[in-house]
Amino acid sequence: MARKLVKKRGKKVGAAPGTLVHVGDKTDTVAQIRVVDYDQEHLRDQRLKDPNACRAFKSGPRVAWINVEGVHEVHTVEALGQGLGLHPLVMEDILNTDQRPKVESYDDYLYIVIKMLQYDPLQHEIRPEQVSLILARHYVLSCQERAGNVFDGVRERLRTGRRIRFLGTDYLAYALLDAIVDNYFALLEQLGERIEALEEELITRPTPATLAQIHHFKREMLLLRKAVWPLREALAKLTRDETSLIAAETRIYLRDVYDHCVHVLDTLETLRDLLAGMLDLYLSSISNRMNEIMKVLTIMATIFIPLTFIAGVYGMNFEHMPELAWPWAYPAVLLLMLGVAAGLLVFFRLRKWI
Amino acid sequence: MARKLVKKRGKKVGAAPGTLVHVGDKTDTVAQIRVVDYDQEHLRDQRLKDPNACRAFKSGPRVAWINVEGVHEVHTVEALGQGLGLHPLVMEDILNTDQRPKVESYDDYLYIVIKMLQYDPLQHEIRPEQVSLILARHYVLSCQERAGNVFDGVRERLRTGRRIRFLGTDYLAYALLDAIVDNYFALLEQLGERIEALEEELITRPTPATLAQIHHFKREMLLLRKAVWPLREALAKLTRDETSLIAAETRIYLRDVYDHCVHVLDTLETLRDLLAGMLDLYLSSISNRMNEIMKVLTIMATIFIPLTFIAGVYGMNFEHMPELAWPWAYPAVLLLMLGVAAGLLVFFRLRKWI
Amino acid sequence: MARKLVKKRGKKVGAAPGTLVHVGDKTDTVAQIRVVDYDQEHLRDQRLKDPNACRAFKSGPRVAWINVEGVHEVHTVEALGQGLGLHPLVMEDILNTDQRPKVESYDDYLYIVIKMLQYDPLQHEIRPEQVSLILARHYVLSCQERAGNVFDGVRERLRTGRRIRFLGTDYLAYALLDAIVDNYFALLEQLGERIEALEEELITRPTPATLAQIHHFKREMLLLRKAVWPLREALAKLTRDETSLIAAETRIYLRDVYDHCVHVLDTLETLRDLLAGMLDLYLSSISNRMNEIMKVLTIMATIFIPLTFIAGVYGMNFEHMPELAWPWAYPAVLLLMLGVAAGLLVFFRLRKWI
Amino acid sequence: MARKLVKKRGKKVGAAPGTLVHVGDKTDTVAQIRVVDYDQEHLRDQRLKDPNACRAFKSGPRVAWINVEGVHEVHTVEALGQGLGLHPLVMEDILNTDQRPKVESYDDYLYIVIKMLQYDPLQHEIRPEQVSLILARHYVLSCQERAGNVFDGVRERLRTGRRIRFLGTDYLAYALLDAIVDNYFALLEQLGERIEALEEELITRPTPATLAQIHHFKREMLLLRKAVWPLREALAKLTRDETSLIAAETRIYLRDVYDHCVHVLDTLETLRDLLAGMLDLYLSSISNRMNEIMKVLTIMATIFIPLTFIAGVYGMNFEHMPELAWPWAYPAVLLLMLGVAAGLLVFFRLRKWI
Amino acid sequence: MARKLVKKRGKKVGAAPGTLVHVGDKTDTVAQIRVVDYDQEHLRDQRLKDPNACRAFKSGPRVAWINVEGVHEVHTVEALGQGLGLHPLVMEDILNTDQRPKVESYDDYLYIVIKMLQYDPLQHEIRPEQVSLILARHYVLSCQERAGNVFDGVRERLRTGRRIRFLGTDYLAYALLDAIVDNYFALLEQLGERIEALEEELITRPTPATLAQIHHFKREMLLLRKAVWPLREALAKLTRDETSLIAAETRIYLRDVYDHCVHVLDTLETLRDLLAGMLDLYLSSISNRMNEIMKVLTIMATIFIPLTFIAGVYGMNFEHMPELAWPWAYPAVLLLMLGVAAGLLVFFRLRKWI
């Protein structure tokens, strides 16, 4: 539970708007810029050493996908942003990886922030990563925090020359969004499986560790919801927005991504409700268990307490206790004890306690 | 509790949009295509071997109802979709049985997703099944996951040549939706009966199994709500939508289905609230029970503990205990014990503990 | 708790829309049709044997109030509906007494469904009854499930020739709605009184029966809310609706009914919150009580346990226990015991346990 | 807790709309009518014996404030209402002191219902009182249930000839509303102080009485919310309403009252959340306390139980118990007992129980 | 916990609108007025002794930022307000530091209220301070309750002659708002860190102090939410408002502040949910602990109770107890006791209690 729910902003607080400071986990890898530019016939896939070289892709004629892995290098992002003519606030937001998912329209491009979520099976934790997309007429700029393979499918489809090659930047942006949202389903599958396994465990053998697990998953759900809830709003805006950058044809596809996002939220709420129900169930089963233990104590104690008392009475050392001399007294007392025990057992049985 | 709340998507995640992959339970039955085409005078009911033959029904002049049972055969759905000119996303969604209920309008047809829900009395579980409807000018395509008898009533009405034969595809689609939503009431009746029986049981003889049952039904309610809540929105869109495919006359009927759907939701929320109240009641009755058991222990223990102590005192072996020699000491001690016990009983009675 | 939250629909499920089947409690009384028709000068009050005779009142010139008591006779409702030219769905809904309150506008009439609620003081239960109103230009048709006296006030006002006689069907419909909603206040008064009595009882002497009562009233509140919540929406629609059937003057009165309905909902929510608070209070007072009992047990037990141990030590039969022979040993041990008991009491007092 | 959450309506239920019946607490004081009429130069303050005399103020030319204290005299309200030409429903609502706060616009006046709330420091209760305002072109009619001094500030300002004398009835009505809403802050201050004192008490020395107090304040909050929540809506309507009775200049002031009302609601919700948190805290501290008591019992009991057993063994009367004769047996057993006790204490310490 | 959730308003209640009374903490510092006026080339930074001197800045031509530290001096605010021609209600609100965040548009200026929040690390408390901004064509007036350094960054940027010097009052107001909202992130970081540390503590070693801490942070969250929630609404209004005071260019920046505010709210809700989950976890771990302690008691007690009884039986002094004389009786009884203890241990093990 080392990950912070609230990211450190360091020297960012109080800085002027547009100040370019990286907010996020530091890594010592080098940022990679990879550009795929294509039209129906040709496709070129290259690594860019110099971020200023991106100017060449700004105004076509082919569709260019500029993908940046690693936004911790402020100068790279700055050079890219200036090369492509981005607003200072956009550059600031790309660098600050603690953004809410959102869509903002500028004069000649759209700025989209979305969270890529991956499940770390070792820590049983969700690792969020911020992806920024710039959708312009002739290029799509995508910025990831780390190297990753979520966009491999899109790259593959571009290479094999499919339908995607015949369409513009709007469809490319859609394909990237779709890859990210599709990944949410994989995440939910893994989480759902773990949670249902936990539910099974809860019913058969609840332990305090189960409780800590429930709390852990409730916490993960908070994180997930924080990432997906604003995305819904952002995608809704994207399907409605009056921008000319998105063709009517592509809007149908974006509506599909929106539907997926709503579906993810539904499932999320269902899992949250399930976890809440599991907590209730856990607490109830704990108190049930305690109840049963208490019952055994009660029965043992209340049966033996009077018997021990009787034994105590005849252990007294008074000189004048006539019963002590009677020959049948001992077996009589034993019988009396048996009778008391039996009577109490019958009493408990009648009250349905045993 | 073997059913998963989150469906497995397998190799679907990361695939290109429009990739046709079946998501859902595999069955080894063969998909069946059954076409009923009719006008006011004639009706023909046939099984279609070749899905490509559906092209014949695409443009009239009679009303055709194409019903598919089993969407696990990708090639069948693909052939049908291509024959009828459906959008790739629609075909993808028909095959993916983990969709949210929704209505989407395309140029010349409406695509409706709805969940058919059936109560399995053996497992006490709801079995959801996805039904896709395509409402076009001259045909209605309905795709079910499994063979079933929910649409038998509609088929019967078509055959007996009633009012439905005089109206278009919009009324046919309404009749199918109505059959599915009507079925929800049957489901709620069964669930409601089981829940009220459980409530009865809860009051008369609560057991830990009751708790597991409450949890089970809360879980079923989550599933139900996930299926019905988005349907409400979808039906509202259907009654408002500016499409020319639905006549004003039919909208009155659709409004009726919408009302039914809202009614189902109301009942659902009432049942949910009832289940929440039952959980409270269960927990309270458990702690009441424990309280009563504790009371008996307290009374038994606190009465006998001082008595046993007195007996212990006179069981000590000191040589100089003058009382031991007094002739009336034994009965006096017995009387003292009686007095202590009586005093404690009076004390408990005054405190209203017994 | 014999009443079902979910009504049985019997053979209704799966039937064609417009199929006329009665859903509700069967009674063996005969349906009664009573028609009051009036203008400013004359009023006639008659029982109708033949439902077809209602055709005479369909188009004026006087205002007619057709009141049906008992909707279980399908043929009566069918004859009435056909006589007055009602839509099949309306006839279906009149017969199905498990409707949500709603307002639907048809070409030349409004269809209003509302729940009449009465408190059964013997069962401490709310008995809901569905009332259907048809507001047309020249007549108001009101259908009740059972004979009742809620409309007696309206009948009396018609007879005594007041203001109501000078106004149209819209005002008559308003008067009927107002009579039903006014009745809700009487119901809330009775429920509120019972709940506040229960609250009193809860504070002075909580018993497990109190808990069952709280659950019972929470359940009644669910039922009430299910009846009144949609009514609010329906009445709002009525005050806004662009129909020419309702005069501007009457809308002021309908707004008043709407205000009453919202007031009922406010009170309902307040009572619900109060009941929730009462449940918390009950659970807390139960655990307080248990706490106090535990405290007594602890104090008794922890005082006597060491004393009994000391007595046990000097009850051992070792031959070499020099203390046993000392003459002042017995009183010294008694003093020791007193000291231990006093020390423990002081310890408990310091910890504020007694 | 004698005050009812649901007011008795007595014979009101079932009466015709516009029937003038007083609903509320009966008092035997005489209703007082006081009229202040003024323009920029003159002000006259008089008591009106005859309610019919109010006709003189209906149409100016000066601004008249007609204040009624005591609405239990039906005939007085009736005479006033008829004199000023009020709608029967308005008169009915003035008399019925169980109204929701609301604003209703009639042809030439606005009808405003608002709750005046006062804290009774003896009963620690909020005493609500209904105030009805009629805002017309030339007069403001205000009806209070009881005599009170909340409007004294307004009267004083009128007398000292300030800004208020230069403005119309709209500003006067605003001044009255402002006086009432301002009073809510005084109420919240008193409640807030009491609740924070309770919180202090809760942390230092929780008692069952604290619980009853929390419940009491939650109940008062329900009442407050019922009075203030609808007022917000009503005031919003007042600032937006297209009536010509309110000048643009005055709307700025009304917006200020609206802001105050929203602020009151915010504070209310904060106090409600605080009370909910306090209940949790109370329950937790109770179970903490119980936990600690249980711990002491466990430690005492589990230490002495085995010791008492050992003493019991050597108190047995078998003839052949060789240990009894050993000279060092008694001290050895005492040492054994000490060892057992010490071992258990170490065990508990290791488990962090003590 | 000395700070009040409801501020004292003192003699303010009942006063005429526009009455200038300071509501808030009294300090004995002297109010400071500092004016920075600048254009692209020059900047002058001066302290104003006489508040009336502010008139000089009212109508340009340069941009003036008038900053007041300390609003407890009524006469200073009055002089400023009259000098700048502010509405009496605005002056009243500046003085009353218990305002909801809001934006109000007047004819030629906007009035913005916002809360500056600072974390006091000694008291672990949030200290709120009210900041009022007046945004006019040629000046921005900012009023703080106390001296502080939040605006130092803005002052620095003005001095170093950056972009901000080229833009108007709208950008200056934005810079001030941005500084305040940015500060919220610093606050959330500190709170988030403390809460996550508390969570850690909760899992490893929960104490009653942990509970008090959770309650404390829930309380702080209430305060935070009360300050930030209405701000969101106010900022949304600012970005939409049709005022000519804000240039389109600046709106992009305001939208950014709005996004930050929504982000703060999201994080706030996440922390609230986390705290609620922590309370559940605390209660569960407490009852788990108690459970374990009970288990030990049960096992110890139920094992020794029968053993002690057996010892008691053979401690009885009957003359005719033949077993007492048997030579192997003593070891046999010891074996019996061992057997009983072993049997019980096996029984508990089978039930999985140990």
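For reference, chains read A, B, C, D and E in written order, and residue numbers begin at 1 within each chain.
What we mean here is this: a residue touches a chain if its C-beta (ideal position, glycine included) is under 8 Å from a C-beta of that chain, and two chains touch if they have at least 3 such contacts.
Every value quoted in this text rests on a predicted model; they were computed, and no experiment measured them.
Shared numbers divided by all numbers used gives the overlap of an interface; between chain C and chain D this overlap falls below half, so the copies present different residues. Centre-to-centre separation between chain A and chain C, using Cα means, comes to 41 Å.
Measuring from the averaged C-alpha position of chain A to that of chain E gives a distance of 25 Å.
Residue positions of chain B touching 2 or more other chains: 287, 290, 294, 297, 301, 305, 308, 312, 315-317, 321.
Contacts between chains close into a ring here, every chain touching precisely two others. The cyclic arrangement of chains, taken from chain D and going next to chain E, is D, E, A, B, C.
Within the complex formed with chain C, the chain D residues making contact are 1, 4-9, 12-18, 87, 89, 98-100, 102, 104, 106, 205, 208, 211-212, 215, 218-219, 222-223, 226, 229-230, 279, 282-283, 286-287, 289-290, 293-294, 296-297, 300-301, 304-305, 307-308, 311-312, 314-317, 321, 323-330, 333-334.
Chain A makes touch with chain B in their complex at residues 150, 153, 157, 162-164, 174-175, 178-179, 182-183, 185-186, 188-189, 191-193, 196, 199-200, 203, 252-253, 255-256, 259, 262-263, 266-267, 270-271, 273-274, 277, 280-281, 284-285, 287-288, 290-291, 294-295, 297-298, 301-302, 305-306, 308-309, 312-313, 315-321, 353.
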